[in-house]
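In the two complexes below, subunit A is the common chain; its partner is subunit B in one and subunit C in the other.
== the complex of A and B ==
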């Protein structure tokens, strides 16, 4: 019974923790502009993150070591450094966006400018990273993030033409007035948002923190293969609700307030309150995960002691790096940069950095020295290799598309 | 690399440098077609903000959105509409469409005013006067009509 409860809790937190500021904003933007015609990208992205999260979870459970630890050892310090710089830059950009997202959510409730919230949110994130238990942080924020299910209820309440939404999803039916380059840009952004590198680092390092063993592999697989796809359904619901409310009016989504408004249209103040709780939980949870991921990556590469199960006095460099990251994020946001713009940049640059993250995982997952009998089978390798081609294409296309479409505004 | 290849590379570098340098002009002076594209985009963006403001006002009036939430959304719409207006006003329209440019700029200004009036009404914590919603609807119609001219 206890085992089943653990599996259920893991799945629920995986659903609630799946969505972050990048998913919220990008899905709403795409839904308002393209309907569900890019929903297939969410499906492909969710399957991709499942493939690589399963690999990295298996690596952690069998080798008891985290991704960067093995990347440097297996591929050498030069490739390891390239991997570290690329992935950490994107993770820090996402960290900044998440802290900004929490501040924006609080602004919506209080109408106090988000810049006034940034220092407080930064301190709270640091306190959680410093003091809170890993499991408490993951479970509480993951479960609160489940309130985002209100988007699915809202979509149902809006009584859309399900046949039309289904047709858009199935036929990838690009709206007539949109250029293919813009369609491709948002496809890459959605793909980057769904396959954000930090999710894999956090998942793998979390497995080491929680001391997974081979016995935990089935539970880990259940969390990934059930929790993540259900989290992906939340993403589709956000896009669907935006498509139904904003599509006919020609409204484009540029703020977090606009992401939540379709819920108010469908369900009123109570629904909107749940959506805001979900915004805060999702962005705060993702801020903690990205902050830890950046700290994990650096510590694992540098060979420092790391983790929340280790006393801070023993992992001094790791905790010092977290302080620096929090200060950096708060400092960048206090320059008055728009957090939504940072979010848009973070999902595009996530796409750019994807090969740096996923290629080494595929290599390590095939190494019997680390995984013994648990190396990738043919199916996992076929999926992994296929996705590697996709992430390389997305990575190469991201910046040219960003320039040509002027961040999707052209 | 051959001398011809080096020469070609140098020529290419100069061309890229000049293009970049001349692209950094203080005032954007597009041709008519490019100006129409920019103007159309600006009108569409302003229309999006006006529609968003109308939607928020409807939800506020129906008590489906907390006042703070509505105020933040209207302030964001006002700021975004203002940026759209400023952005197009900074573009030097070519002579054949200068009059049309004046009309577009004036219309964008009216859109900003209408969204601002909506924000003022929402902050006032009273039910927005019908005139605010009527103004937004009027501006919306004019923006739609302007899209037809562009």
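== the complex of A and C ==
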């Protein structure tokens, strides 16, 4: 019974933990402009993150190696450093965006400018990273993040033309007024938001910290294969609600308040309150995850002692790097940069950084020296190879598309 | 690690995590120290740790700049080491039999010290075959001598950079098909060079001279 409870809890937190500021903003923007015609990218992205999270979780359970260990072992110190710089840049951009997201959500409730909230939120994030228990952090924030289900309820209450939404999703029906390059740009952004590399850094490092063994593989798989797709459904609901409310009016989504407005239209104040609780929990949880992930990747590249479970006196360099990241994030936000713009940048660059992270995972998942009898089967390899090609294409296309479409504004 | 003919230094040792007896992390294997035995054999004797070992592998230019910032510091040019004797197990991590405190030390420097090389020196060498020039891609260590110590037995030579085999030459059936095929095609011209008569390591000129009568095995065939 206890085991099933653990599985259920893991799945629930995976749902809440899947959605972060990148998913919230990008899905709402895309929903408003493209309806559900880009929904198939969310489906592909979610399947991709499942494939690689499962591999990295299996490697963590069998060989106790986290993802950035593999990056350096398989790519060497030079290409490994290139990946470290790229991934850290993306993860820190996301970290900045998440802290900004929490501050923006608090601004929605209090009407106090988000810059006033930034220092407080940064200190709170650091306190959680430094002091709070891993499981407590994941469970509380993950479960609170589940309130984002109001988006699904809102979509249902808005009584959309389900046939039309289904047709957009199934036929990838691009609105006539949009150029193909813009469509492709947002496709890459959505793909990057779903497959962002920090998710595997965090997932595998968490597995190593919680001392997963071969016995934990089924639980890990259930979390990934049920939790992430349900999280993807939340993403689609956000896009759907935005499509129904904003689509006909031709309004584009620029603020976090606009992301939540469809819920207010459908369910009133209570719905909006729940949505904001969901925003705060999801972005705060993701802020903790991205902050830790940046520290994990740096420490795993350098070989430092790392771990949220390890006392600061034992893992000094790791905890010092977390302090630096929090200060950096707060500093960048205090320059009055728009967190929403940081979010858009982070998902695009995450698409660029993907191949150098997912290639070593795929190689090691086939290495019997690490995994013994738990190496990839044909199915995992077929999917893994397919996604490897896909992430390479997305990473090559990301920057040119960003320039050509002027970040989707052209 | 039970593959026939020992293990590969670049694949199995370099960049692996070192873990101490209490499970605490010590560092990465940034380079490996190879000591010349009186009989000429190269024996791995230490794991080199720190920027002095890592930076030359990342970028010699960067390393040079870093040394020039404090030229008086010997530790910027001579890396510190962990003795290979304290290594308990080489698996997906390098497990030590002792605690980590104060473990990484500079090597003694004196006239009676043995000649010490590094794996990086060996991995950067050109290999002059009678008909072409290749590079050292990996170094195979095996237990061949009378004592229990592994020693450098053969060089894996070919085009490209060390470590780019990713272990695929060790088990030809390993997937995924796409990656295996690309790597096999890329390294199709690579060879095993067994150390022995006819193979001369020239540390001054950074090259390996191989006589024309030395047999060269195809690594894609060797392990089958």
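In the analysis below, the second predicted complex is superposed on the first by the 409 of 410 C-alpha atoms of A that agree within 3 Å, B and C clash if a C-alpha of one lies under 4 Å from a C-alpha of the other, contacts with A are read in each partner's own complex, and residues count from 1 in each chain.
Heads up, the rule we're going with is that a contact is a pair of C-beta atoms (placed from the backbone, for glycine too) under 8 Å apart; a residue touches a chain by one contact, two chains touch by 3 or more.
These numbers come from a predicted model, not from an experiment.
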More subunit A residues in contact - subunit B or subunit C: C
First (subunit B), second (subunit C), both or neither touched by A:268: first
Partner chain(s) touched by A:370 [first = subunit B, second = subunit C, both, neither]: second
First, second, both or neither for A:63, with subunit B first and subunit C second: second
Touched partner set for A:342, first subunit B, second subunit C, both or neither: neither
Partner chain in contact with A:254 - subunit B first, subunit C second, else both or neither: first
Touching partner for A:73 - first (subunit B), second (subunit C), both, neither: second
First (subunit B), second (subunit C), both or neither touched by A:409: first
Partner chain(s) touched by A:306 [first = subunit B, second = subunit C, both, neither]: second
Touching residues (chain side subunit C, partner subunit A) in the complex: 1, 12, 14-18, 24-28, 30, 49, 54, 57-59, 91-93, 161-163, 166-167, 171, 174-179
Parts of subunit A lying in touch with subunit B, wherever the complex brings them together: 107-111, 245, 249-252, 254-255, 257-258, 260-261, 264-265, 268-269, 272, 409-410
Interfacial residue positions of subunit B with respect to subunit A in the complex: 41, 44-45, 47-48, 51-52, 55-56, 59, 63-69, 71-73, 76, 80
For the subunit A and subunit C complex, residues of the former touching the latter: 63-65, 69, 72-74, 76-78, 80-81, 300, 302-306, 314, 362-363, 366-370, 375-376, 378, 381-382, 384-385, 388-389
